[in-house]
Every structure is written in structure tokens, then in C-alpha cells.
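First subunit A sits with subunit B, and in the next complex the same chain sits with subunit C.
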Partner chain A sequence: MKKALALTLGIVTSIGGFLDMGALATSAQAGASYRFQLLWTIGLATLLVIFLVEMSGRFAAATRKALPDAIREHFGFTFWLVPFFVLSLSHLLVLGTEIGGICFALHLVSGLPTSFWALPVGVLLVTFLWRSTFNTIEDSTSLLGLITLAFVVAAVSHHPPMKDLLAGFVPTLTAEEPLKYWGIAVSIVGAVLSPYLFYFYSSGAVEDDWDSSFIGVNRGIAALGMGFGSVVAMGALVVAAMVLAPRGIAMDDYHQAALMLTDAFPFWGFLLFAVGLGVACLAASLEVALSMAYATAQTFGWNWGESLDPREDARFGAVYTGAIALSSLIILVGVDPLKLTLLAMATEAAVLPFVALPFLILMNDRKLLKEHANGWISNTVAVIVLLLALVLTVVSIPLALLGGGG
Partner chain B sequence: MKKLDLTRDLLDMQVVGRDGTKMGRVDGLILELRGDLPPRVDAIEMGFAVLARRMGPRAERWLAKLRRWSVRRTASQRVPWSKVKAIEPHHIQIDLDALETPAFAWEIWLRDHFVAPIEGKREKSG
Partner chain C sequence: MRNAFSSSPAPSPVRRARGGLIALLLFLIACQPSSPEEQLLKTVQPVGSWLASLEMTGRKWSSNSVPASFVEAMTASAREAIGKAAEEAAKSSARPGLRDPLRALLAEAEEAGRDLRRAVDQDDRAGVARSVGRLSALHARFEALTKGAA
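What follows is the complex of A and B.
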């Protein structure tokens, strides 16, 4: 039973990958501009992220170590310093977009400006992290996250044409405005393959005290958890394709997305969208803030653990508190969360190869993992991710500026 | 005789104190040169000053400037090899109480100035 409940870790992690500000925005944008044509990018990202999450969980279960910990230990401080610095910057920007997402959801409901909510949301997040254990966070956010299934219900109720929908899983190589098309494709994969997912998931597995008996369960958790997020993201794409595309709304502004659910749920649609977005961004904020604290504490060897009293790991608590304060500040000064998303995704893409390469090497270390080291299938996927990460790094910034994002 | 690879098995490893508290990492190693005899590990070093030195002389100077505002008495700490109790696959066990070492100066400062004032109330009510 304890092992079945471990699924909550998968769902929480998945929310950070698929249902955060960046991934929801890009999925909706994809549907609004290209109908079902970009469904394959969510499919591809899902497949890759399942494998990577499975690997990071397997690593934690077999070695009882989380990834940042192992990277510092095996590659040394001088290797890790620059990626760690860029990663922290990226964490702060992503956290800013998620906090911005919560504030935007509150703005939709209340009518008060987005920046007004920055401080209350920051205080709420810090209080929640201080007071709760890791288990409370897992259980509450994965339960609340179920509300995002409204996107899937809405997608089904629109009766999307099955033939077009299935055709969307085959990559289209000739699309209108190819620059924009590939810009969105890159953004979707980049938004899902976030380094913090793997840090959070592996640290979470250590917090939940996984040992090697969890390696089998871990596979199912990775597939089901990531599958959950993926289905919701696809739901958002389909709804955008059915509702926004025919009206020629291209989603330049998040306000336009807010009306996505009103066709399926005339009365509740607007509120459902706001609550769904707010909950998804709330879970993602907690995940990113914790991931930053995990990475920092493990890099320097401090005591860490969300289930410890803040008195026992004051520095760990100080990291997430400081991160939330800084990121709330970005929203407080009035930066548009959607614009921030693009910048955040570009920094994530930039740091991905530095995370993926040591990961691949560690997963093949038989002295460390023994019989749980990577087989050829996992290695093939990891190499694909590494190559893709290099491409993303090179193209994400210009494409984000020229195409999809702009 | 068991062999130890200094950079692989010792440098950057997690250091764990007497009561299991994680107290830092092996940021540096001090070797003692003993004339004609092979050098011997004298102590392990921990702390930001040690890390800054690994990054280069410029980083070390910057840190020295920053340290004027630091609450810590020292930015580095040497643990004599005699205090190293065991070298485990994933951590190094040392025979010191984490809380009494300079490694915890920041932790204690944060706890006293930052956590305690906010958390104090809860302790009384709960």
C-alpha cells in the first residue's frame, strides 16, 4: 500500500513538468495556432520525460542519493560550479513564472492587478513550506491537481475529429510559418524537460525513504505520473484547437486563454480555468522552490529535508525562503509572467546539457548502481535527450525571439 | 592494504557528524610532507574559503572582502585525520559534534535570528 501511495510523488513531479505556466501556455498556443498538428511534440516530450524520471528515481532508490548530491560527489566542485550557478538562476526565473501564474489566476478571479498578489502569494508559499512535511505537500498538491482534469473533460466534450487528432501525432514537416511552428515545438519540449523535475523527483524519493525494492514501482510511477500531466497538456491543446483556433485567436495574451473552458462549461468554465491554472502553478512553485533548496543544500553538504523542522535545517529553509522572496519581487515590479516564461525556458534549455551529460555518466556507473545501471534502451533515450538538449540550447533563444514566443 | 583514491573517494564527499547530522563536504585536503617518507593526509578542510581557493586566487580575494560582513568566525575548518572514524561508500563519518564546529555557525545564526522568532510561537502553542 505504501508503494501504491508513492504515486503521489509522480503526480506532483508531473505537475511541475506539464501543468506549469510554461507548458500550459505553450500547449494552448500550439492548439490555437496549429490545431492538432503539434500533438506529437507533447507525445515525444512525454516519452523522453518518462525515461528520465524513471532513471532519476532508480538512481535514488539504488544509491539513496539524489542527483545534485551525486554530481558534486563524482564530478567535483569545479565542474559543478558553473552549471549550478546557471541552474540557480533558472530556478529563480521559473519560480517567478509560476508565482506569476498563481497571481494571474487570482487576478482573473478578483480583478485586482497581477502584481498586487505577488506578496500575499509569496508569504503563503513560504508559510506552507515551513509548516508542512514532504508528505503533506505530496498529498495535498496531487489531490488538488486532479482539478486540471477539467481540460481533459472539456477536450472530450468538444468531440474533436479523431482522424485529425491522430494525424497530429505524426510530425508535420511542412507547416505554415515554419519558424513559428518550430518555435512552439521547441518550447513544448523545452518546457517539459526541465532539470528541476529530476532533482525534485530524486530528492523526493530520498525523502520518502525509497530503497532498491522501489525500483519496480518507480517504473509505474514515472509512467503514470508523467502520463497524467501529458494527458492534461494534450487536453489543453485540443481545447485550444477546438475553441480558439476557429475564432482566429492566436493566444498572444493569457487573458484569451481564460475563455478556453467556457464553451464546455458555460457557467463554471472561467472559474475552472483560473482554479486549474492557480493550482497547477502552486504545485509547480512548491516543486521549484524545493528543488532549488535541495540542489543548494546538497551541493554544499548541508542538512536537508522538507520533513525536518526548519530549526534542524535552517539553511535549507533559508534557501527556499530567499528564492520565493526574490521571485515574488520579479512579479511585484510588474514583469509579465508570460514574457518571463520565455526567458525562463531559454535558461532551462541552456543548462540542460550540463545536467544530462553527468546524469548519463552516473547512470552507467556500475560501481555505484551495480545491476541497476542503465541498459541499452535507457541509454539510447538518454543520448537522444542529450543531443536534443544540445540542439535546444543552440536554437531556443533565437527561435523564442523570432518565432513562437514573440 | 586498502587503497584510497584521494580525489575519487575522499574529495567532495559528504561529511557526517557524530549524531548523523550532515555538516558539509570535503572541500579540501591537507597533506603533510614528511621528508623522504610518502606524504600523509593530515586533515580534511571544509568551508567557503576552501572552495574559493579551488576556484582561483581572484575568487579567494573576493570572498575575503565579502567576509567582512560574515557572521562566521572562520570561513574554513580543518578536521584532523584522527577525527575521521569511517569512510563509507557515500559519506565520511567524523567524530565531532556538528553543532559545536564552525561548520554550523551560519546554521545557528539563522536559527537564532530568523527561524526562532517566527517558530517560537508555535512551540508554545503546540
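What follows is the complex of A and C.
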């Protein structure tokens, strides 16, 4: 039963980590601009992220340690310090993006400015994290996250042409406006391969007290959880392709995305979009705030655990409280959430090699992982991710600037 | 025997990678629009999407699918984007045969957005239907003008 319930960790990781503001925005932009042609990028990113999440879960179950903890122990504090600072900056920007997403969802429903909601959302997030345990967060966000299936239902109800849909899983090299095409492709992969996703998942596995008996279940959780996020992201792309693209709406602003579900659900579509976006961003905000607190506490060797009373791990609580306060401030001063998303995705892409390389080395440490160390399949995928991460680091910023991707 | 070619060391992987990256950046820069006409078309490109968005928003408001506050927010975002494109178009050195009709169309687009918002504020369904029709015609004209010039 405990193992079956562990699926919620996969789904919450997926809703928060896979299906965040960046992934929803880039999927919708891909569908609106290129119809089904960029489906392959979500497919590729899903495959890679399933392997990476499986590896981080396997690592936690086999060693009973989370990744930042192990990287610091293995490579030393000095080695880890630079990636840790870059990662923290990335965490803050992504958290700002997700808080911006919740505020934007509330702006849609209330009509009040996005920045108006920054402080109330920040206070709500801190209160929720202070008062709840890890299991409460897992269960509530997994359950609420099911609302994002509205994108999948809408996609099916539009009866997309199967031939075009399947053709979208084959990369196209002759797209119109190649800079924009590759800009969006890079943004989708960059948005899905978020470093905080692995840190959250491995720390969550430690919180859930996984041991080596969970290694088999972990595979299913990684595939099903990430598969869930992938299907919803593909749903968003298909809906945008069926609703926005034929009208010539290219999605230059989040307001345009809010119209996506109104053809399939004329009365509820607008509200469903706002709630779906709000829930996905809420889960992502909790996940990023916790991931930052996990990484910081594990880097400095502090007590950590969302299920502990805040008095027992005060510094852990102080990190997520401070991070939420700072990120809320970014939205409060009126930074455009779309521009912030682009910047956050670029920093995520930049930090990925710092995270992927030590991760790959650790996953091959047979002293640490024994029979659970990486085999050739996992290593091949990890090397592909590392190479992709290096390419992303170099091209994401010029492509975003020149091609308008993301 | 060593010749001029064999005497130079083979480029290291780092140098090769650096060369590849420079080539990629040059390719990306080379793909940017060059003539004033191309630059103007790129600047005004989002306007077509905004006209379509305003049209869809008006239709959705008429069928009670979106609230009036959303129309207000959408028209504000559209006005900002179209206004920015109009400013750039005013500075453009593209040939007047392309620039002037585009500037006139952008001014009409801004006005059509204002009309839509006014009609929604006054709960004037007939006015919204008229605005939607006008936005649809403007979108078609915009497409014809930009596609014809491209």
C-alpha cells in the first residue's frame, strides 16, 4: 500500500516539475506557432526526464541520501559551492515565475492586476509549507493536479488529425522560421529538464523513507509520474494547435493562452484554464521552494525535512520563507511573468551541466550504489542529457533573443 | 617529410567546439532580417496575432465564455503591443508603399481595440458584434498586406 501511494510523489513531482509555467507556456506556443510539428520535443524531453528521475529516485533509495547531500560529501564543499550559488539563483527565478503563474491565474479570475496578488500568494505559500507535512503536500497537489487533465480532454474532443499528430513525433528540419522553431524546441527541452525536479524527487524519496525495496517501484513511478506531465503538456500543445493556430494567434502573451479551452468547454473553459494553471504553478512553487531549502540545508549540513516541526529545522524553514519572500517581491515590482519565464528557463539551462556531470559520476560509483549503479542504458541517456545540457547552455540565450523562442 | 599543413598541430576538440559555436552564432545572426522592409515586417508580425486574439475575445465574451475583466486585460495588452509596433513603424525607413498602409492599419487596429472595450464596458452586444466584424476585416487586410510584401 505504501508503495502504491508512493505514486503520488511521482505525480506531484510531475505536476510541479514537469508541468510548470514554462512547460505550459512553451507547449502552447509550440502548438500555436507550429501546430503538431514540435510534439517530438516533448516526447524526447519526457524520455530523458523519466531516466533522470528514475536515477535520482534509485540513488536516494539505494543510499538513503538526497543528491545535493551526496554531491557535497563526494566532491567536497568547495567544489559544490559555485554550482550551489548558480542553482540558488535559478531556484529564485523559477520560483518567481511560478508565483507569477499563480498570480496570473488569480488575475484572470478576479480581474485585479497580477502584481496585486504577489504578497497574498507569498503569505499563503509560506503558511502552507509551515503548517503541512510532506505527505499533505504530495496528496493535495496530486489530487488538485488532476484538473490539468482538462487539457487532455479538450485535445481529444477537438479530434486532431491522427496522421499529422503522429508526424509531429518525427523531428522536422524544414520548418518555417527556423530560428523561432529551434528557439521553442530548446525552450521545451530546457523547461522540462529542470534541475530542481531531481533534487526535489530525491529529497522527497528520503522524506518518504524509501529503501532499496523501492527501486523497482521507483521505475514505475518515474515513468507514470513523468508520463502524466508529458500527456498534459502534449494536450496543451494539441489544443493550441487546434484552437489558436487556425485563427493565427501565435501566443505572444499569457492572456492569449487563456482562450485555449473555451472552444472545448464554452462555459467552464476559461475557469478551467485559470485553475489548471494556478494548480500547476502552486505545485511547482512548493516544489521549487522546498528544493531550494533541501539543497541549502544539505549543502551546509543542517537539519532538514518538511515533515519535521519548523522548530526542529528552523534554518530549513527560513530558507524557503526567504526564497518565497524574495520571489514574490519580483512579481510585486511588476516584472512581466513571460519575460521572467524566459530568463528562468535560460538560467535553468545554464545550470544543468553543473548538475548533470556530478550526478553522472555519482550514479557510476559502485562503492556507493553497489549493484544499483548505472548500467549502459542509463549511462547513454545521462551522457545524451549532459551533451544536450551543454548545447542548451550555449544556444538557449541566443536562440531566445534572436528567435523569440519560449 | 613535413609540409606546411602537417607542421600545424591538429585543432584541439575545444578549439573545434569554439569554432562550431562561432559558426552557429554567425548563422543565427545571418538569419536576421536585413532590409528595412524585412525589419518592418518582423516588427509588425505580432499585430496579426493580436487582431485575431481581440476578435476571438469579442466572440467569446458574446457567448459568455470570458468575463468583461478579461476583455479589459486583453485589450490593454493588445493596445500596448500594437502601440509599440506603430512606434517602430513610424521610425522605419521602409518604402512608403509598404510603411504607410501598415501605419494606417495599425492606427485602425488600436481604434478597433478601444471600440471593443467600450462596447463590452457598456454591455452593448451589437457593438461587440460590429467590433468583431471590423477586427476580422482588419486581420484579413493585415495578412494580405504583409504576405503580399514578403
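One rule holds for everything that comes next: the second predicted complex is superposed on the first by the 404 of 406 C-alpha atoms of A that agree within 3 Å, B and C clash if a C-alpha of one lies under 4 Å from a C-alpha of the other, contacts with A are read in each partner's own complex, and residues count from 1 in each chain.
Operating definition for what follows: contacts are C-beta pairs under 8 Å (C-beta built on N, C-alpha and C of every residue); 3 or more make two chains touch, one makes a residue touch a chain.
All figures in this text were calculated on a predicted structure; none of them were measured in a lab.
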Touched partner set for A:Phe267, first subunit B, second subunit C, both or neither: second
Touching partner for A:Val394 - first (subunit B), second (subunit C), both, neither: second
First, second, both or neither for A:Asp252, with subunit B first and subunit C second: second
Partner chain in contact with A:Gly229 - subunit B first, subunit C second, else both or neither: neither
First, second, both or neither for A:Phe300, with subunit B first and subunit C second: first
Touched partner set for A:Gly96, first subunit B, second subunit C, both or neither: neither
Intersection of subunit A interface sets (partners subunit B, subunit C): none
Residue numbers on subunit C that touch subunit A, as the complex places them: 21, 24-25, 28-29, 31-32, 46, 48-50, 52-53, 55-57, 60, 63-67, 69-70, 72-74, 77, 81, 139, 143
Of subunit A, residues touching subunit B in the complex: 63-65, 69, 72-74, 76-78, 81, 130, 300-304, 309-311, 313-315, 317-318
Subunit A residues within the subunit C interface of the complex: 107-108, 110-111, 178-179, 247-253, 255-256, 258-259, 262, 266-267, 269-270, 394-395, 398-399, 402-403
Touching residues on subunit B, where the partner in the complex is subunit A: 7, 11-15, 21-25, 27, 46, 51, 54-55, 90, 106-108, 110-111, 114-116, 118-119
